[in-house]
């Protein structure tokens, strides 16, 4: 029963010990802290960079061009917006050089709301990320998926963005979501791989015997099967959609929840199969709702499945405002909540063709 | 018969001589060049900045906060992607301070393909711009609209982005598209306000007696009325859509073309009225098609007018690839052309409900 | 003359300030320290979600607040501050209760209406530009207010921008150096780096190629200075000199102040007392005692009085309303050009 | 020893290179100049959409190409070049016909398959990282290849990054200075600024606060040098010293080369001859004549021969195919880790 952040740490350990990862770096990623969310504690190749996101992304690109395997972190995606030009270069170098160069790097960054982070610790990055061609974009909602997607990202010869749902990083895995090889007992796991509080200069992690698991980039998973409405989501919103679905089951509404996991490329066949079955679809994400990735999913569905639909596809996303406010009411009113997801599903379910 | 770039120059002259514009600045914006597209020739307050887009946007924000009226230019929108964080700050300062501060600045930048600009002189910015809350976004397709929208942008107390369709900057206005007060004879206008070639240190423009014209931000215009299909576009693609419509008229297809002009806020009533009439809609823009602003328009149409539609709304946009290639075939295959627009309209027109 | 330091005599040759000035500064340092302690306990009691602030910077930030030319518009100083500037605000005359309101994110928070973190001040009336979480962007924005005040503009004010040591690695710091020192186009910009030798968990050591960050200004031919930010009198004198230079020459100056970080980075790292850091308040108390300007009992009394005052204040705001959900839609756009003087 | 300058003797005390070396350098400078002239006439004849290149930088860029350790991978030098680097490519052994192919944006263009502008080179086989249009980003990327070659890595190569003078105002230039000079974490990075005193239409004068851009390195405690980039022998010697230092110390060095911009910024400004700029080729011809190493007639002959050769080359590619519309979909993603050694 690992947490997602422990699963990420274990994947990085497998990365640096078996898959050739040479550098895991970013602000406060190295000792003593090992990442503001502890994701890089106890890793051999983790180091602290200067406070300069442009340098971090540039270093990642350069290391990749030099045949290394860098995993770079932007401490919060809220602070990646001064590097979009460099992210575009990471994504266009292979194409611009006519295939002469590839850029095998992984960029990790925590995203989303849910921790009362106010204006600059609540940003989503999925809409921005899916606008940068040449990148693969993944976003897990369980520890096991985080582990398996990160290993696939490390092995990919292209730039891969690994979006970490902030609010889920410390949530424990549910049965079946374990990392293959982790000890069943979570206290034990914590003793093995969590750095102690206080002085940790002498501390060494003892890693479990981990098996490699590669969740293919581009494969969604049906987190809940249902027949009335299809909900397409990813990251933090997936457990919310599942909770909403459970509550609606009592009201006789049978909801299918697709956890997209990969935003680019995404699993169109999985979406198509589900929408053909339910004829009703809701897209849920936290990013601001104007020029939003869910709008792309809806456009694609409209283009290809218009005549299958029994109701207009809906988007439930973040309010189109300049920031997410600190106070409870403000954050709650700005991004989808279980209640608003329930209401949207129910409305779709009740729509008569 | 001014060109769009002359209309922009005339608006900036009115801005600095009557509307309190204090600084018009950017790379090569001041003497001797007066802008790589000549947009700031002969202006009193135009000056050259260091080659630093972050400094340009930061300076614009600071000048605005200090109660000045800055008009900043990013030489090509392709080079604005290292400033997205600052653009977000321009857009969130009023909100973050609970209304304590406003940020009255205008940011101009040339956008789009059509000049064989290859990877870094062909970018569109409409999708990125509409993702930055707190900004108003305008994009003209005629000299007159450029003049009237720029004057409205200058007078607005908020940050306004003025997207200049590169490929239209040197196109002459058609009848009725003149700038109020410009001399009818374009040779005469050129003599008055275009800087001479070679040494221009002694040159002074002589400005025509210009009337002020304010095209309200948020108001679209119906560039062509029609009854079979609604085409929603802006900037460079508008003349293309009009050409396609004219050619299709011969085939008995009657196309309505809406020139959105303002992308945020946009004119929903104009869209609604047209779609209720035609029941078929095509959105055309040049930006990459994944997480594209046209997808927002389609989602809104689906949400509000689903049952009015006789065909699935279509998007014709830029290919989702890392860049626009230099060679003719490559650029043509990457962004909408008159032929592809015609085909898309015709397909919609022929769709049976 | 400008409204700066209205009731403070210029430092006499000895380098000591007058008794009156010392006590005023001490009182403000103490209030600032106790304010931060109150904010930290509010955080620990669950009366706020996040704390970040300035314990350890009072000896520098109080003189800054006293010496800045306070007011609205280009004839006064613009302040682009860091998130550790509570002492500067108090020295300028801010009411500490408003900091508590922001910590509690209530609708009455005058700095952000319950939207932003503690220490994220904004006050147009005093030219205090909204503090932003993104590190160092204030250095790119400050060149804009400074340009509005450049030589020949007729503006009487200057621009002051402040940030931490780690943040100087961002390109924005270089942007401020480049843009403020252009030959013939210099800007009246005082750049302040408060160097506490840390960026969150990352030590200065091993991240920088120079001994002092102030050295980076030298390449640009600008005036630079380094001051012991734990000494309020030295800080006062250094700021007075720096402000005088920037005000009269209308040219940039880079000032580095060596300060302490007494409660660690933020609540994320516990906000507990850190060992081995100089405490400017204790140090100044010792100085004042040695000079017989204050006694142990006065100190205890003042401390108790201010603590009680702030405890009352925190009680007073207990029932102030939270912002309403619908308020998220307010102020997305402005209807008037407030900075342009419209109402 | 490294493959650098295989057939060039080290500069003798006199500062003069051997006759053989001088003639080799001259020949390469001449070829580079004539190549650019050919590209410009192709542009003017409508055989290309845009020209940008290096007339006026041959005296510096040829020695750079000769001295760089050519090869693939961390044991050779990575080159993050500017868009005026044709002379460097030719000195490394590139075939000029490939530059014509890129100008004509034909499918056979080995640097970008008809996708990018002239002068935007890319050659993994020689560690030539794709030239990017965005100014200065190469300085943020170069620190990454340099890190892969840092002290202790065992890598034999170093990283060379080059850009113009105006571009140093971008934060990326500061990023390279900060990241390459971190105490104890220095990077083997040679930073080159080719200073032609212009950014498009904007003169150096009035945009910078220092006399020499190289001064900016001093604040970081790094080695700096300024060289007359119009003198190939001085440039050769300066590069040799700089490369030796970076190679052996594994530390950064900032080298500023004063160069000319003989055809203006690009075809956007006409690409015509500019008055009042030193022409390094004419200057070197005069030197070689004075040293009796070459005569007017040889010069005329060589010029005629190379001109004819390049004219033939431009004929040869006339009928090479344009890239197909569908090719836009190629190489969006890589199937193999080429940089990791996969085929």
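The chains carry the letters A, B, C and D, assigned in the order they are written, with residues numbered from 1 in each.
Just so we're on the same page, a contact is a pair of C-beta atoms (placed from the backbone, for glycine too) under 8 Å apart; a residue touches a chain by one contact, two chains touch by 3 or more.
Quick caveat: nothing in here was measured; it's all calculated off a predicted structure.
Novice: Select, from A-C and A-D, the pair of chains that is joined by more C-beta pairs in contact.
Specialist: Here the pair linked by more C-beta pairs in contact is A-D.
Novice: Relative to chain A, which chain has the most distant C-alpha mean position?
Specialist: Looking at centroid distances, D is the chain farthest away.
Novice: Determine the centre-to-centre distance between chain B and chain D, using the mean Cα coordinates as centres, and give it in whole Å.
Specialist: Here chain B and chain D have centroids separated by 37 Å.
Novice: Counting in whole Å, what is the centre-to-centre distance of chain B and chain C, each centre being its mean C-alpha position?
Specialist: That gives a centre separation of 41 Å.
Novice: Listing for chain D: what residues touch at least two other chains?
Specialist: 112-113, 115-116, 132, 134, 169-172, 175, 178, 182, 206-208, 332
Novice: In chain A, which residues are in touch with two or more of the other chains?
Specialist: 50, 52, 54-55, 79, 82, 85-86, 94-96, 119, 133-134, 321-323
Novice: Show which residues of chain A lie in contact with chain B when the two form their complex.
Specialist: Chain A reaches chain B through residues 54, 79, 81-86, 88, 91-92, 94-96, 119, 127-128, 130-131, 133-134, 264, 288-296, 298-299, 302-303, 306, 311-315, 320-323.
Novice: In the complex, go through chain A and note every residue touching chain C.
Specialist: By the definition above, chain A touches chain C via 27-28, 32-33, 36, 48, 50-55, 78-79, 82, 116-121, 319, 321-323, 325-330, 332-334.
Novice: Chain A touches which residues of chain D in the complex?
Specialist: My answer: residues 73-74, 78, 109-113, 115-116, 120, 122-124, 129-130, 132, 134, 137, 139-149, 159, 171-172, 175, 178-179, 182, 330-342.
Novice: Enumerate the contact residues on chain B facing chain C in the complex.
Specialist: Touch residues, chain B against chain C: 20, 22-23, 49-50, 52, 54-55, 57-70, 85-86, 89, 93-104, 133-134, 136, 157-158.
Novice: Please output the residues of chain D touching chain C within their complex, sorted ascending.
Specialist: Touch residues, chain D against chain C: 169-175, 177-178, 180-186, 205-210, 215-222.
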